[in-house]
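The letters A, B, C and D name the chains in turn, as written, and every chain counts its residues from 1.
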Amino acid sequence: MNYQSPETVDDAVAALSAAGAAGRVLAGGTDLLVQMRSGRRSPEHIVDVKNIPEMRSVTMTADGFRIGAAVAGAELGEQAQVIAEWPGVVEAFELIGSTQIQGRATLGGNLCNGSPAADSVPAMIAAGTIAVIAGPGGRREVPVEEIMTAPGQTSLGDGELVVEFMLPRRAPLSGDAYLRFIPRTEMDIAVVGAGVNLTVDSAGVCQSARVGLGAVAPTPLLVADAAAALVGSTLDDDALNKAAAAASAACNPINDKRGTVEYRVKVAGVLTRRAAKIAYDRARAHA
Amino acid sequence: MARVVLTAALANRFTGGETTMELEVDSVRKLLKALDADYPGLSEEIQNAQLLAIDGEIFQEAFLQKLKPDAEVYVLPKLGGG
Amino acid sequence: MSKHHISTSINGESREFLCETRQTLLDVLRDELGMIGSKEGCSSGDCGACSVEVDGRLVCSCLVLGVEVDGKEISTIEGMADGENLHPLQTKFLEHAALQCGVCTPGFLVAAKSLLDRNPNPTETEVRYWLAGNLCRCTGYDKIVRAVMDAADEMRSAS
Amino acid sequence: MDTKVKQSQGKLKWVGTRQVRPDGVDKVTGRARFGADYSLPGMLVGKVLRSPHAHARIISIDKSKAEALDGVKAVVSGEDFPDIAKEEAFIGEGPINFRYMAHNMMARDKALYDGHAVAAVAATSEEIAQKALALIDVQYEVLPHVIDVRDAMKPDAPILHDDLFTEGVTPEPTRASNIAKQVEFGRGDPDAGFAKADVIVERDYSTQPVHQAYIEPHATLASVDEEGKCQVWASSQGHFMVRAYCAKLLGLDLANIKVTPTEIGGGFGGKTLVYIEPVALLLSRRCSRPVKIVMDREEVFRSTGPAPGSHSTVKIGATKDGKIVAGYAEMRLQAGAYPGSQIGPAGMTAFAPYEIEDVKAVGIDVVVNRPKVAAYRAPGAPLAEFPVESAIDELADKLGMDPIEFRLKNAVKEGTQSCYGPVFQKIGFIETLEAVKNHDHYQTKLGPNQGRGVASGFWFNIGGESTATVNVNEDGSVVLIVGSPDIGGSRASLALMCAETLGIDYKQVRPLIGDTDAIGYTFLTGGSRVTFATGLAAIEAAKNCIDDLRKRAAILWDIDVSNVEWRDGVAHPVDAYSDEHEPMTLKQLAAQSAKTGGPITGHIALNAEGAGPGFGSHVCDVEVDPETGRVEILRYTAVQDAGRAIHPSYVEGQIQGGVAQGIGWALNEEYIYNAEGRLDNPGFLDYRVPVCSDLPMIDTVIVEVENPNHPYGVRGVGEVPIVPPLAAVANAIEAATGKRLADLPMSPPKVLAAIDE
């Protein structure tokens, strides 16, 4: 097993291209090392992307934030402006694993590991996050919801990797939130995750919304029907119940060791309603 | 007379279901001997896998105990613990 | 298979070692460097018994490859006491009987120190969530949390 | 020689104080060496190949490819171990059958569960050992399997053992089945009792198997030399147990085996057996090099422990004035792949806290395709007392009585005949109930979706064989050698009792756990026996040491030993001689020991009887999220009779730890098997033990109703606290939601389903 630690994205792309199917990106390693140990993945070539400055930095411009794909949760948690503008995304990222995992786990890894239950992904989907992908053919920009294709699989081609994520600056009267359900208070994989990002007008009427759901289908979902149920309302009980019903209706989960179909469908609605309330309160407070 | 009480499982195995018996003995040593005379194998089973509760006190190893004239002896499975 | 030559600093001391790619930092500490204070409880990042700091970040050393720490600074339980003086957390763990079997203790201490280095005055809830990645099956956590809070108190009044 | 020891009456200097444990610094600095921390020059890595099938006949095992791999030094499988006849014995955590134990350690003709060991290798590195495992060619014929205890009892169930005929039933069965044994306990006539009842509750309950989940995986290092001398370093609850089992399972002379206890990273009953020690020994014998085997977490879950799961039917009847008049329980326990679940203790403990004249408890031992169960803290009691404590709550509710008052009305006390037969001696159950009743926790108001539950628990506690030696050093310090591995701070409590008895400073006592060659036989650490039984040995050894000290003073003073008294660590001449001689301290006597006969020492080997039964009563507040079914533990108070708390901090710690484990059992811990009978959650990610943020502080109240059979009044404390939480949480959830959950764990989907019913 080889280990390479390139210092530029181009070198990383070259290394991954050369390795082909036997290559694997090592970011935080919190999934990869576990998979290697259990024999679920046996890469021959490991490409460590943590020494690529571009992938380790968070930058802010008037247009938005660029968050390196290899930024660890604990590092993002120290970015006051990102927290202020995208609390839902940061909260989602920080829910992944323990303090120890937070010291290593990355946004890029959480997405590219391909777990339907990845906490950061529904929040990024709700936020309208764009992933910047580098590969042998140059760079391309892809909405986050288009990256996972099936459990453990992504739409990335050979030699491609996610370099960074782009989020816009927070618009006035908008806010986001993410909630997940786990049996314990920590250390579990999401049974259901729900992210909501919305904008209201000065009267408190929802103007636009995006709802992302995790762990309820083979990939994280962007649920347009749930968002549509919120738009035009002041998130009264009726609108919230409709959004919850739409979220539940969008679910296509499985029975597994973490939850049943029935339970996931029901709780997806509950969390959508609760997350929408939090996002709404944040939006109204963000004049 | 010492009163000896067996569990149902033990009684089914050794005494044809009789769970209670009265014996004229003043020690566990004699008790075991007396039981063995009436019910072959019972004494060995008691010494291997059972404990005796004599007048309320549990003895994991009761071999050396004396018995009061009206002693009450329960034969129960040996206990371990976690 | 050729081994990687890694130069690092452990508890302020320069250390070099050879390792294969597959070896974790925990493997290296325990098997190559004889530092057995970090414990292996799960090898999957779920128990925290192998907690160390790498460049000031709390991590599970079972989820870090040995090759990744070239040029980095590592802190382990073995470096926690200052010469013959125990760290206040170590003292408080003993006073509060915050350990029974003691196998999770090094991980808890390293994690708790990492918390107090950042937050000298944590609430009970903050302590509990910070330490949620460290499993203890003996104590029910009560005395551990008390020991950490008490150590924080003492360190604040000493500074 | 009769011991003349005078203790300052009532005033104990060390017992009851909170001293720093003797092994503490080693454990907070990372120096303490646990099982995996031992190494020897030339050591090989041992690894075990495990069955991927829940039930399969082993057609053949071809080891040749693995043996040919460079770096592989030995490969063994079932055929390399001696064939052991069926033989029942009681040397570990409970009655065991050596044949089953041998087959559980290494499968012979059949693999009986996912994770069952089928072969093992020793190699020069971990990587080579892993490769070698993959090269062992095992041909299986996969057989139908059965995981659930109710399915296993059906007539058409796949049969695990062709030679297993139900014991304890009449008529004797003629067909093999998965039902290994049936036992029953009780007194009176339950049918007649129920006829007198005004109110009867009856319900089916189930509990899931739960793992002890000690943080340190099993680890051992074994070394056999060319002469056949065996050395084993093992993390276990009893190194004498390891020695005995290794000798038996390998057909070795006990005298050739020395076992050294390492520090043990948790056991809770799960390390009262051997899994890898004989395997490491055999591998080492094959290549005359040391072999270390360390399980990974997945192996721990797939092949060790757990406590049995159960399905029970419990019925209790009471009169309208609140007197329980009848009880009936039938408990079907999952033994795992081999017979031997704790049906005895389950049957005896089920109704133990209550005085019931007409009562019967039946325990049924059933084999299924899961790992063979092991002891786990009060083995058998939590799964037996959970249904009863739930039913008691339900009855109290129906009768409109406060659940504490209802328990008080029926509680056993000194002189009450227990439901399993014997009459209770001095016990403190009522005291624990009174303490709960009077605790401020029991009076506080609750909010919406919140509920309060109470439950009680019982465990016998045991004594057993212990040896202790007290050696006085020439500077007057003392080494206390015992044979009990320390799993929770027992070195501190033993040193405290030794210091108290001798009358010297606690810090002058250095406790040491001797290996099997260094100290006499000592039964394992379990059953809450160490502070009681090994404590008794430490006290008696100290008393013998005092006899020696008095003798030495008598020699120096040239008076008869009967004229020397030992008071608070000092030899005093009796009044008649007090003008002639100055009292001498232990230190002074030690300094002159060479001229009075050599080193001063005290020794004892005993079989402690008279362990005092333990009772606890707990109160728990929960809040239930009505939309997700999540249960939060808001507040928890545990009251327990400890007889006397030698080191109160470690008594509290035992209670708090037991409560946390009980809460895990109640809420989230379970084994999840897939359709193929493979364990789907063999790790801490999905086997959900409570984490730090799941729990509140766990308040403890120690009640001290002294055990008359111990010099300081000690009762065991470790087992009881895991018993009440299961029902305390269930009763609290019922109070919060109006729904009674009878199937553990009460995980969010089950709670939500009950709420939505």
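The rule is simple: a contact is a pair of C-beta atoms (placed from the backbone, for glycine too) under 8 Å apart; a residue touches a chain by one contact, two chains touch by 3 or more.
Every value quoted in this text rests on a predicted model; they were computed, and no experiment measured them.
Enquirer: Which chain has its C-alpha centroid farthest away from the centroid of subunit A?
Expert: If we average the C-alpha coordinates per chain, B ends up farthest from subunit A.
Enquirer: Given the two chain pairs A-C and B-D, which is bridged by the higher number of C-beta pairs in contact?
Expert: Output for the comparison: B-D.
Enquirer: Averaged over CA atoms, how far is the centre of subunit B from the centre of subunit D? Could you give it in whole Å?
Expert: Roughly 26 Å separates the two chain centres.
Enquirer: Give, as an integer number of Å, the spacing between the C-alpha centres of subunit B and subunit A.
Expert: Roughly 68 Å separates the two chain centres.
Enquirer: Centre to centre, by mean C-alpha position, how many angstrom separate subunit B and subunit C?
Expert: Centres of subunit B and subunit C (C-alpha means) sit 55 Å apart.
Enquirer: Tell me, which residues of subunit A touch at least two other chains?
Expert: 185-187
Enquirer: Listing for subunit C: what residues touch at least two other chains?
Expert: In subunit C, residues 22, 43-44, 46, 129, 131-134 touch at least two other chains, as defined above.
Enquirer: Got the subunit B residues that touch at least 2 other chains?
Expert: Not one residue of subunit B touches more than one other chain, so the list is empty.
Enquirer: Following the definition at the start, I'd like every touching pair of chains, please.
Expert: Here the touching chain pairs work out to A-C, A-D, B-D, C-D.
Enquirer: Under the stated contact criterion, what part of subunit A meets subunit D in this complex?
Expert: 38, 181, 183-189, 191, 256-260, 262-263, 266-267, 270
Enquirer: Using the touch definition from the top, list the residues of subunit D that touch subunit C in their complex.
Expert: Residues of subunit D touching subunit C: 18, 20-21, 23-25, 27-34, 36-37, 127, 212-217, 263-268, 294, 296-297, 487-489, 647, 649-650, 652-654, 656-661, 683-685, 689-693, 695, 697-698.
Enquirer: Mind pulling up the subunit B residues that touch subunit D in the complex?
Expert: Residues 5, 7-9, 12-13, 17, 48-49, 53, 55-62, 72, 74, 76-82.
Enquirer: Taking the complex as given, what residues does subunit D use to touch subunit A?
Expert: 298, 627-628, 630, 667-668, 672, 680-681, 684-686, 688, 690-694, 747-749, 752-753
Enquirer: Can you list the subunit D residues touching subunit B in their complex?
Expert: Touching subunit B from subunit D are residues 88-90, 92-95, 167-170, 181-185, 212, 267-270, 272, 344-345, 348, 375-379, 420-425, 459-464, 526-529, 607, 609-611, 709, 716, 718-719.
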